[in-house]
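Chain naming follows the written order as A, B, C and D, and within any one chain the residues start at number 1.
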Amino acid sequence: MIVSMKRYATKAEIETVCERIREFGYKIHAIEGEERVVIGAVGVGDVTNCLESLEALPCVEKAVRISAPYKFVSKEFRSTRTVIRINNGTGLEIGGDEFTVMAGPCSVESEKQLMESAIAVSRAGAKVLRGGAFKPRTSPYDFQGLEEEGLKLLKKAREATGLAIITEVMSDRDVSLIAEYSDIMQVGARNMQNFALLKTLGKCQRPVLLKRGMSSTIKELLMSAEYIVAHGNPNVILCERGIRTFETATRNTCDIAAVPVLNELTQLPVILDPSHATGKRSLVPALSRAGVAIGADGIIVEVHPCPEKAVSDGAQSLHLEEFDRMMNDLRGYIALWKQSRMAEAAMV
Amino acid sequence: MIVSMKRYATKAEIETVCERIREFGYKIHAIEGEERVVIGAVGVGDVTNCLESLEALPCVEKAVRISAPYKFVSKEFRSTRTVIRINNGTGLEIGGDEFTVMAGPCSVESEKQLMESAIAVSRAGAKVLRGGAFKPRTSPYDFQGLEEEGLKLLKKAREATGLAIITEVMSDRDVSLIAEYSDIMQVGARNMQNFALLKTLGKCQRPVLLKRGMSSTIKELLMSAEYIVAHGNPNVILCERGIRTFETATRNTCDIAAVPVLNELTQLPVILDPSHATGKRSLVPALSRAGVAIGADGIIVEVHPCPEKAVSDGAQSLHLEEFDRMMNDLRGYIALWKQSRMAEAAMV
Amino acid sequence: MIVSMKRYATKAEIETVCERIREFGYKIHAIEGEERVVIGAVGVGDVTNCLESLEALPCVEKAVRISAPYKFVSKEFRSTRTVIRINNGTGLEIGGDEFTVMAGPCSVESEKQLMESAIAVSRAGAKVLRGGAFKPRTSPYDFQGLEEEGLKLLKKAREATGLAIITEVMSDRDVSLIAEYSDIMQVGARNMQNFALLKTLGKCQRPVLLKRGMSSTIKELLMSAEYIVAHGNPNVILCERGIRTFETATRNTCDIAAVPVLNELTQLPVILDPSHATGKRSLVPALSRAGVAIGADGIIVEVHPCPEKAVSDGAQSLHLEEFDRMMNDLRGYIALWKQSRMAEAAMV
Amino acid sequence: MIVSMKRYATKAEIETVCERIREFGYKIHAIEGEERVVIGAVGVGDVTNCLESLEALPCVEKAVRISAPYKFVSKEFRSTRTVIRINNGTGLEIGGDEFTVMAGPCSVESEKQLMESAIAVSRAGAKVLRGGAFKPRTSPYDFQGLEEEGLKLLKKAREATGLAIITEVMSDRDVSLIAEYSDIMQVGARNMQNFALLKTLGKCQRPVLLKRGMSSTIKELLMSAEYIVAHGNPNVILCERGIRTFETATRNTCDIAAVPVLNELTQLPVILDPSHATGKRSLVPALSRAGVAIGADGIIVEVHPCPEKAVSDGAQSLHLEEFDRMMNDLRGYIALWKQSRMAEAAMV
């Protein structure tokens, strides 16, 4: 059950509502929101009477039953798209009327590498710069990232280009450090069910891009998003990046149908990652076109000034000129994408 | 190794070539083609000298080594798209400059059901009518198809609408019967490695649409296509229809990246089946758009005048009006598709 | 619904029963059995009254509702283990009080190779000789089997050793030929849902070993068994041979828990194939021990006098001495297996 | 490359060795061990000469090239089984001559529940008590564990029964807290690639049971173990607990062949978790037998005094009497297990 309070409800009013919910046998789980407080409750009780009783209170705007196991991120709770505002001073929004392109190198390697990438992707039309400073690597002997030094380079690139920054956070210990340097914090596939991390991310307001685990179901992805939202941070962006299957022709298998499936279940924005989904540079442009056509809110693409020398993910990184060419080719598809967003908006 | 003879090579010349190949330690595997004979050879021998010696013969056009385990269907063998001509008198081609839409009910159920479907899909722009007369069903107690009676109805629908007919063949015993009634013979996912069936299909010239097995790799799909081609029938169309993974939100997981992967490995046309890939009607239009955008040669879609009453696959079948709407929505994407085919042709 | 007639029921009595079932709205699906006729019916109707009405008939022994989608192979239908008698004159039974070991080469290659194998496996304690004469190969260029010549060699080996013969059948066209030469007909993983083949096998009485498809669920395996039984052949042996997953350290992933799962759902015997499940010779003995311990009815193992020179599956074939050593090591485990079968029998 | 120093090598000697390794172009990665120092080095250099030069030093015992991507955990590095000593004062060892049974409830729920379980499993022959105080739950609304209160109850149970304690650690922040209360720290499947956690666990000496991720390969499991060992903690126990596949008859698919595969690649002990592997109580005894037979070093089993009321994993938890019965049934298999360990020891 989700109860939306009226704007500017007082603390006393909120407490009254919580009290009443508890009387009906439910447990209060989350109170979030800035100007509007939203109360989530779970448990087993007399739903119908509880909802009625709550809606009778003047401070309550709406009380709804949510049948899905995920409450706050479910479409039953929210009827319009969640548009995530990025606070980098450029008015950038994800999940709204613009298709968002995020691009950059897998790892931040050096100032030169990062700056060249940033300038090129910005020119080609990307709005967000990706780059890993803390790297989750299968082997302890592989490059583990430049850590804080890498974060500083990202900050510099933001200042130089106006791009928003997305970078990965791997431990709840690092959340505040990374929040300081980035506009969007990325949770990698391997950490999608690192619940300690999810809870900590729920306690800040910085947008989070949550990547689907490589063997996680769509429902589990939504449950992990629910962790973040239920702990107080509604700014979650979902990301399909390929799942693990028996097929080895690609690094992962892009479950592209997850995009419309998620669009049926949630209002959160959905980004497609064609680089990790395929693991192969030559497949990225085709899959990016498919991502636009299927209705994703954006894509996140790995590029590198010299992929052959990249310390990680070289095989799937586009050369800067390839990225530029791809962006040109996407133009017609993005125009169709915008048409259908407009048509959708007109219907509401 | 593949040896293309010059046009109108004589029997004696062909025999000379085969003889020489055998001398170098190879085994002759297939001789196909109508006006031009092509000889495939496998084994271990002195490749370089063999190729040189063969190309020295005046009757030989080209002799090439093929490193892939699939020979005839490999891109090393053929440098241009394989365009499959359908002999239904309408000049229909698959794999060429037009995006092909195949549509129709899962099972042929009755004359009324089939005719309504045929007329509707033809009006909406489909060129091929699908419909199963022999049905592979998990349960022996489920509807097994109208069999020959169903084939007769398909023939009637072809006569009435001019649509080409595609229908499934489940046993090598039925190949000649089904070839008589259909323009394209479909091999279902469960029979992708029914080698007895593949060999028999290799002995006729009717085009074959070969569906990827639900746990078959892309390489295995190509090896199965190779069975058909190596036994004499070059008219193979590949079909991605979703693979089996842990995800249950969709009936199968559409491995959409298989389309560009196949385009890198083979010149055979590739069709996407968004109906089986998702198992859910509401996801079909989005996935169809993605199929066009990613560069498939066509789609095969299940429709039904009344999906709620369908004897099979009702949940994934579009209502006839939904199909019509989808075809309208696809128009812009198909226009972009044609632009890029034109650009590709201009580059050759 | 399944209706068992009393022994020696007359044709007229059977017809009366079928008539009554149809009156209640059900469809008759199968009538099988030699001295006792069993009638299967599916559909939607007034179950309770129908069962009552049938049991009131003096010619009916028992009428039971079966809730599983598989009827004849379900445990609801049969309360004791299905013991399959092999008609090779040695009194061999599968599924009873003895653990059955089947062994032999992947492909029948030559008389020498087969005879050496047969003699060695017989000496070591195997009761069934495996060997493929018709081979399902991914590539059309790989060895396709000696076909009828191979069958003749198998017959010779049977005559020489008294071993029962199991060999694969790949097409409904070949069923009668293979039934002539073998004691058990094997359906390979790739043909588990070749329904034309299953139906034809249902029409003979020769025992069938049905291998689980590499991406088939346990339920689908039972449905395929149901095809054979419902078409008249109750002598089905199931086989777990590994499923396809993301793991590549082994050729397939042995779903060993399928054995107790099947034991909970059906009374059909279950055989484990440690050779295909792992694809690696060194893992076969350990997995065979696990197969005994978990309660399989037997194992089927690939051996070869010289695996390095085998035309197929060399990497997973045991040398003859390795097989002998393995059989020795299994002795203690098989003794425990027999104890628990005895204890089970005593409890009934 | 791994270099074992002689016992009691001096700091200066160690530094000399490191220096020489660096001169050959390698990077020093880890120095571990208490009385004997072991140096790991990775990179690309002149291996042969480097090894020779190092072995020429009197302070070096052995210098070996390791070709596997995992170094310290590889069999190339260590020729005998890694026996993990548990410091709970009972002389308990894992990986040695005794088969280890770990058992207990999924979650610590109350003193009564835990004590009843502890006493029962101890009586039945278990040596380690499992119980979760920090619980990784898919839903934020599910029971998240008693946290430190739960740890205190575990300590109490240890004092009462002498059982060693294993409990899960979910964040690098909690490592020191959990190390204080437990004898073995468990890394759950969802955290197998939480590299921040693995690194922190590498810095303590408490044994770690590392569960395989549900879609992790065997190689990735070993790489994660390598993280812990390379950071200084050699006491790693591996655990196969089922992987995620398309099959839904069981909660996961037990990849039982992973046990002998791991035994070929590493000397670390391997434990089988039949509870999570199947998710179904009735399958646990059969799979436990298979685990003994295949040569695992132990099993970890969920039990509960009243599974129907368990807050988590009730369906897969054995009743206490069922566990007792299972332990009795395992006796014969464990006797065979010990025989083969003895035979192995005699052969060395």
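In the analysis below, contacts are C-beta pairs under 8 Å (C-beta built on N, C-alpha and C of every residue); 3 or more make two chains touch, one makes a residue touch a chain.
Keep in mind it's a predicted model, so treat the numbers as computed, not measured.
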Subject >> Classification of the chain A:chain B interface as same or different, half of numbers criterion >> reply: same
**OP:** Tell me, please, which chain's centre (mean of its C-alpha atoms) is farthest from the centre of chain B?
**Re:** D
**OP:** Please work out the Cα centroid separation of chain B and chain C, and write it as a whole number of Å.
**Re:** 34
Subject >> CA centroid of chain A to CA centroid of chain B, Å >> reply: 38
Subject >> chain B and chain D: spacing of chain centres that average the CA atoms, whole Å >> reply: 50
Original post:
Considering chain A alone, which of its residues make contact with at least two other chains?
Top reply: 215, 244-246, 248
Subject >> Sites on chain A touched by chain D in the complex >> reply: 29, 42, 69-71, 136-141, 144, 170-174, 190-191, 193-197, 199, 213-215, 220, 223, 226-227, 230-231, 244
Original post:
Okay, in this complex, where on chain C does chain A touch?
Top reply: 215, 244-246, 248
Original post:
Quick one: in the complex, what on chain C touches chain D?
Top reply: 215, 217-219, 243, 245-250, 253-261, 263-264, 277-278, 282-283, 286-287, 289-295, 329, 332-333, 336, 339-340
